[in-house]
Amino acid sequence: MAANIAILGASGYTGAELVRLIATHPGMRIAALTADRKAGQSMAQVFPHLRHLDLPTLSTIEQVDFSGIDLAFVALPHGLSQALVKGLPRDLKVVDLGADFRLSPEAYETWYGQPHAAPELQPEAVYGLTEFYRDRIKGARLVAGTGCNAATVQFALRPLIEGKLIDLDDIVCDLKNGVSGAGRSLKENMLFAERSEDVAGYSQGGKHRHLGEFDQEFSALAGRDVRIIFTPHLVPVNRGILASVYVKGDAQAVHAALAARYADEPFCIVLPFGELPAMAHVQGSNFVHLGVTGDRVTGRALVVSTLDNLNKGSSGQAVQNANLMLGLPETEGLMLAPVFP
Amino acid sequence: MAANIAILGASGYTGAELVRLIATHPGMRIAALTADRKAGQSMAQVFPHLRHLDLPTLSTIEQVDFSGIDLAFVALPHGLSQALVKGLPRDLKVVDLGADFRLSPEAYETWYGQPHAAPELQPEAVYGLTEFYRDRIKGARLVAGTGCNAATVQFALRPLIEGKLIDLDDIVCDLKNGVSGAGRSLKENMLFAERSEDVAGYSQGGKHRHLGEFDQEFSALAGRDVRIIFTPHLVPVNRGILASVYVKGDAQAVHAALAARYADEPFCIVLPFGELPAMAHVQGSNFVHLGVTGDRVTGRALVVSTLDNLNKGSSGQAVQNANLMLGLPETEGLMLAPVFP
Amino acid sequence: MAANIAILGASGYTGAELVRLIATHPGMRIAALTADRKAGQSMAQVFPHLRHLDLPTLSTIEQVDFSGIDLAFVALPHGLSQALVKGLPRDLKVVDLGADFRLSPEAYETWYGQPHAAPELQPEAVYGLTEFYRDRIKGARLVAGTGCNAATVQFALRPLIEGKLIDLDDIVCDLKNGVSGAGRSLKENMLFAERSEDVAGYSQGGKHRHLGEFDQEFSALAGRDVRIIFTPHLVPVNRGILASVYVKGDAQAVHAALAARYADEPFCIVLPFGELPAMAHVQGSNFVHLGVTGDRVTGRALVVSTLDNLNKGSSGQAVQNANLMLGLPETEGLMLAPVFP
Amino acid sequence: MAANIAILGASGYTGAELVRLIATHPGMRIAALTADRKAGQSMAQVFPHLRHLDLPTLSTIEQVDFSGIDLAFVALPHGLSQALVKGLPRDLKVVDLGADFRLSPEAYETWYGQPHAAPELQPEAVYGLTEFYRDRIKGARLVAGTGCNAATVQFALRPLIEGKLIDLDDIVCDLKNGVSGAGRSLKENMLFAERSEDVAGYSQGGKHRHLGEFDQEFSALAGRDVRIIFTPHLVPVNRGILASVYVKGDAQAVHAALAARYADEPFCIVLPFGELPAMAHVQGSNFVHLGVTGDRVTGRALVVSTLDNLNKGSSGQAVQNANLMLGLPETEGLMLAPVFP
């Protein structure tokens, strides 16, 4: 029997992507959808591409009867999940797609500029990078989905840091990000006429909040402080993140480490040495494509990692984690092939 | 047990879309893939977005052992299917995605400028517009997939012509077409720099080959010659056709006829009167969205029909037909939700 | 000596386009720029692409000393120009780019839903379609720029209506519009992720406000009421309008009438019979490209007209009119070639 | 009196951009246009956006009477200019936009894989980065236009290398390139459906030919070998290159050096410290925008440089150089403002 799912915050792009994935997921059924400002509307009004589905009307969170719900996805802007999750039933499994439970309360305050409203929940929250926290996720009540950029770069770097294959003080990550990562909220610089035909960086110089995740994860892996150089750039595509990661190390060893680490991972594909992936080849899917090349300058390697920010970077990852939490096969509902072109 | 499928002409976009759909189709498995000029290559080399799949290597058609194949999709440029299909085993079910078996030999010669190479097969070929030829498709050996534009417009017009609801001498169809419909072949006007930021019509003035299908189908429905005005325009999107069909008739009656006709169709959705669909809401799916509005000029109606040219307009339609031919549920493998944004 | 120019409402796209054009216009210099909500900012902050220019700081309208200004362009949202223009000095020449002075007070109220605030100015306002109101514009104090869609379609139809070449009761205009026409204001459906990869109509069914201009102009030309069928569609390009106009008439005569009418017009180019223009070939310029083809259905013609909505459809037209009003050569500053690709 | 200009190789995008720029250039007139494979066609057939211009018919190079020509732009694929330039009259000024005269014969052979056909011309060829070779260009007969990527990165790095402000062994350049840089030739990966919605690197790992220019120029400046890490990525925009250059050095000093160096340059604009430029703000123009920020990791700086590859990166640069060679004001015809949006 399918698990009953609530999606809290269903009127954003990650909410819509959750619905899309669950629509053909044999082990889940959507029992409640909330969107406070759009309560009372049908999902078809908010997202007409889902109008073929028979879905519950959008409600407020207060209107949800959680007694029959097995798992809730929380897809709210950062800062709003904390108090909300605190108020949910203790026996409800929760996958939070936002930033609220990714960091320690201290790091959260540093990067998000406000004290955490539910620090007591932090200890039980498991970081949601499935391929690296799988065992803990299986038993978790609360999983904190990773940042989409954070996921992309960690797939490239974690095995290299763990394997002591690269210089930890010289890691430069240049990201190219699709526009949907900014969500559906109204900002002038997200208008079509502003983004189309443009490429521009943002949060440059070490100011992007996903650095909190990198600091936490990479330092823990390395056993020392690691501070990467990290610059995201908006590119005029809807979905996708492509990270070009410049490292100092032996390129062949770097490739071998990634190939070995992901050999048995269903969603992580490492290309042959010297081949590098393209963003268009993962869109709409839960796959990560990784590639490595050397350089004419010896001792240098380029690692490229690409995934779909709404899917593997957010909602697909969330479903993957939910599968584990619900005792379902990890890949269930997630083997949809990328859509190209 | 899953049916064994061959895809002949797998190196084009419709071939890739077939593989994408079959990848998560429980009733089909891919047993052979051909692409004469790319024989010997893996599908991952030709379409890296499919590299997570375990697929047969591309071969020539001659190399295929058809004895174990249940059904072949033929996705070749027009003109090449005729001789090929003629040479296939008589007991092999065939869904042709090209233009070769859509028209009578005479009409074929008129629109495609060459005599038909297999006129003897024409009588058994069933026109593949599933919603209107379902019963004949179930028993067919050879189904001729429709043109993608032809499908889009027929969904809008067939019930209106059949219901005698519109003036048959004043039908204007203005189409906006995504670029993938032109396929993967090399043409200067299909370069990114030429198509991006452009909108331009083509085959204007009654020269587009899909008019052969309209003439044949609409005249048969009406019991008299029908000649529509039809102009397609290339727009800078990858997938999608949106047809704006201007008719003379009572808009409410037009809407009622479409709503009634498609009430039980799983893939055809008619919006409430006055609401009109958008291309972005069907991309990646087998759904057709239809809408109708009136005009301040009485006696006029606008019918808008939109679908994904690679999916419902081609490969999705083909799988839908193959499901029927193989005795599978018609919707199997095709309920993938549209991908938005 | 260059004329002193004020741009009132310089923070929108048409304001920026005015600045771009005047930047290399030998007969004009920008003396004042206003933007009420952005007063105090530099133009470089609002539009960084103009940062190489030495421009006045944005101010409020109240802060402008109009005594030294020769001509003001008013680029405000509709409804705001009326009271403003009323308050400007009587000897200041004004080109309004908005909708406020295009229509009679009655028609204005019908289409814009509110009474006109300065009906006494209406009689002196000249409709700004330069090629057809040139003589009156030369002597005008107040010129009302046309709607961008309205201009595009009028270039196609005016000579045909005047020449009695087409059936006035069967004119279907299907437009494809670039996104910049919607301006820089924040609307969910103008986000990149919503517009990219989409085509969708709007204001269908005879509801678009530019119909007020068509009714007024075409009825006056014909000496009887004319009501065209008109549907605009948003396409994912920044600039450009391409109108496909379906008429009943002799295609060769239609072409001959357009060719004759525009033979001496510097900005209107009629292609050889049977060739139709593309949106990409006018972007960034003040040119209109027009083409005509017949159809296999005799008595039908397709006229296609395309221009850049921000340039010839708005700011370029405004400069062209200002040239006339200031006694400058009509083409001065406007011969910039289209930018392709 | 305007100088007579020939454009040899006018059927590519840089040829069209030259025509666009010269169309409003008061000191130049186009006297000859060649395109061997399209000889006999009008420029309007090859580039309809230029159809308003009165231009010579395309001819073969052999058909050109060079006696009345003052200067020739050569816009041919690399490898073809060498022999051609050799055969041109000795008193004809030449600006080559291709790669043939940028490098020493040895370096040319290394990077382009074939011996140079006119090594005797190499000594007189001046490298065309105007802002750094201005004095030599004024007296040159033959100027070799730089690579478009090469120009973008050199604007960022030359003053820093010259000022000994950065670690020469740790320079990482990540470029995002518009698609028009690949030209109009037919390649599968340049089709709209392949490039739209994609970001992908190319020539990674130190294989891009513009590295020959970097090696030559940076090593000469530094007085030692310099080898930068350089990765270009194709992004779905038509025009523009944005280089993110990661260096080790004091960010404030880096900014100060750039600001000082370009203070009097008409086309190079350095943003205030901490502000970084966007590609959309230079398109269609000859301007370069530069910005610098520091990082939370001390001793690191990010320099971003952006320009229009067809304009400042190629044809605009060529006109700027031609202005100098012809004794015209350097900025003549080049002050066109960027086109946004």
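By letter and in written order, the chains are A, B, C and D; residue numbering begins at 1 in each of them.
One rule holds for everything that comes next: a contact is a pair of C-beta atoms (placed from the backbone, for glycine too) under 8 Å apart; a residue touches a chain by one contact, two chains touch by 3 or more.
None of these values were measured; they are calculated from a predicted model.
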(message) Please tell me whether B-D or C-D has the greater number of C-beta pairs in contact.
(response) C-D
(request) Starting from the mean Cα coordinates of chain B and chain D, work out the distance between those two points in Å. (result) 45
(request) Round to the nearest whole Å and give the separation of the Cα centres of chain B and chain C. (result) 39
(request) List the centre-to-centre spacing of chain C and chain D in whole Å, with centres computed as mean CA coordinates. (result) 35
(request) Pull out every residue in chain A that's touching 2 or more other chains. (result) 13, 180, 193-194, 196-197, 236-239, 277-278, 280, 283, 341
(request) Select the category (line, ring, star, complete, other) that matches the graph of chains linked by touching. (result) complete
(request) Provide the residue numbers of chain D that touch chain A in the complex, in ascending order. (result) 170, 172, 174, 176, 193-194, 196-201, 204-207, 211, 227, 229, 231, 233, 235-240, 242, 244, 246, 274, 276-280, 283, 293-297, 300, 302, 304, 341
(message) Using the touch definition from the top, list the residues of chain D that touch chain C in their complex.
(response) 13, 16, 19-20, 23-24, 47-53, 180, 197, 238-239, 267, 269, 271, 277-278, 280-285, 287, 289, 335-341
(request) Could you please specify the touching residues of chain A with respect to chain C in the complex? (result) 13, 179-180, 182, 184, 186-188, 190-197, 236-238
